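All chains are identified by letter, namely A, B, C and D, in their written order; residue positions are counted from 1 within each chain.
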Amino acid sequence: MTEELPVAQSVRTMLEGDRTCELLGIQVEFAKDGQSRATMRVRPDMVNGHAIVHGGLVFSLADTTFACAVNSYGPPVVTASADVTYLRPGSLGDVLVAEAVTRARRGRSLVCDVTVRCGEEIIAEFRGRGAQLKDDRGRPGG
Amino acid sequence: MTEELPVAQSVRTMLEGDRTCELLGIQVEFAKDGQSRATMRVRPDMVNGHAIVHGGLVFSLADTTFACAVNSYGPPVVTASADVTYLRPGSLGDVLVAEAVTRARRGRSLVCDVTVRCGEEIIAEFRGRGAQLKDDRGRPGG
Amino acid sequence: MTEELPVAQSVRTMLEGDRTCELLGIQVEFAKDGQSRATMRVRPDMVNGHAIVHGGLVFSLADTTFACAVNSYGPPVVTASADVTYLRPGSLGDVLVAEAVTRARRGRSLVCDVTVRCGEEIIAEFRGRGAQLKDDRGRPGG
Amino acid sequence: MTEELPVAQSVRTMLEGDRTCELLGIQVEFAKDGQSRATMRVRPDMVNGHAIVHGGLVFSLADTTFACAVNSYGPPVVTASADVTYLRPGSLGDVLVAEAVTRARRGRSLVCDVTVRCGEEIIAEFRGRGAQLKDDRGRPGG
């Protein structure tokens, strides 16, 4: 995350204390107006014996991207539930790109979708459901 | 994972090549007859600024436990889709325990639920949907 | 629904104004302590050209059973989200039996699973997520 | 469904034997190239005591719209699983409009989203996951 990119201040604050992005090598490139984009390179310690990335880490990338999108509005959002559909496995060395778009907001509830791609291919479709908090007990990524 | 515990051979084979369990410190304790149990301790590099574990890592624990349960039958299973509902945040130092039970199988399709707890408290409920493969292209955890 | 069966008063009140159970021929047999059971016979106006019941009506049966289970606690519950996995098609003339069990409650949130069977066979697995209201704006089935 | 509207032949065939659209008053307006639109008016026999439409019927509308979209490609598709998030209740007399867009296809798997609106307001977001069959055992709506 470089300073020049448009990442909302509320998301910067959220990411400052976050250690998981570092653990997984997730780079947040953009987070504003309910949308965001983040990337993760599939490292050797992220794959199984078939050199395929663990589905939980694909989910983690999507979940982080979701959290950046929905927290870009300001008030902290907690993830209530989420689902993921796996279309194609990601492999060792792949750079996965996740893009989040908030689809619907009503009251404190919201729905935000994330597509994870490798190049042109869709790896996974993620949908998260969140609730905005009234205070600052927020947590990124669930 | 110690040798004495009842982990099906198909799951041992699957886990041998897996690097993610090591990355996340996931311990598989049991995997047999469509059921399994695994644990993960929440480390400092797994939390956000509020000392709360990243939802994606809770999902990863559940997804791994799911994979161990459904692969205990023998033929490799790929995760088609999964969802998670977060009930309570896990915190730094918590030992999360995930228990998987296969609910339904029909043809090559199956549904398997995982409950993640910290002590008596439910942290998350996970449901995975998988498909058994005919050959050995399987991958753990998605 | 006969008077002799153990249906919580809060559920009876909910069902009194409900017209959909009549439309779909859903019979609530039991609703107490977060559990419930309901049945629906697949009529000729519920199937497609292959004599297979519409998935939405299987969902409706499950959703009603969910609503009865979670409203049996007393305070009205609204469905926040739900998912269904179809294992086997139901056919014309089948009597579908749905059984709901609340899996987890925390604060005002809850998760409740419904299994829909025809005889011994599982037709579908449903999971609903609800939130208890503080007042009486509740609605059955979503 | 009038003859003039662009409904793919495969969808027309599917709808011919379908009785549920009639039961629920669902009108399919469009179904082509993986997209579709259908409407349903909330009748007195579709609501609860608060004059709010049953969530299962909102799901049924979305599921039908999903089926029309994914079957517009030709080979019959069965619904594997689906989820719905309720944002706002629909009421007696509302005309609900569902619009489906296929998001991803890979091999025989596909993901298709449906948004249900009343006027400008989003009532529900639906996501369905389907699998194309090789033969003609297809069924609409699940």
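Operating definition for what follows: a residue touches a chain if its C-beta (ideal position, glycine included) is under 8 Å from a C-beta of that chain, and two chains touch if they have at least 3 such contacts.
Predicted model only: the values in this text are computed from it and were never measured.
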| item | value |
| --- | --- |
| Furthest chain, CA centroid comparison against subunit B | D |
| Comparison of A-C and C-D (more C-beta pairs in contact) | C-D |
| Geometric centre distance via CA averages, subunit C-subunit B, whole Å | 29 |
| Between subunit A and subunit C, centroid-to-centroid distance (C-alpha), Å | 34 |
| Whole-Å gap between the CA centroids of subunit C and subunit D | 20 |
| Residue numbers of subunit A (touch at least two other chains) | 80-81, 83, 85, 109, 129 |
| Complex contact set, residues of subunit B against subunit A | 14, 16-20, 22-23, 44-50, 52, 54-64, 78-86, 89, 137-142 |
| Contact set on subunit C toward subunit A in their complex | 80-81, 83, 109, 129 |
| Contact footprint of subunit D on subunit A as seen in their complex | 83, 85, 87-88, 103-104, 106, 109, 111, 113, 115, 121-122, 125, 127, 129 |
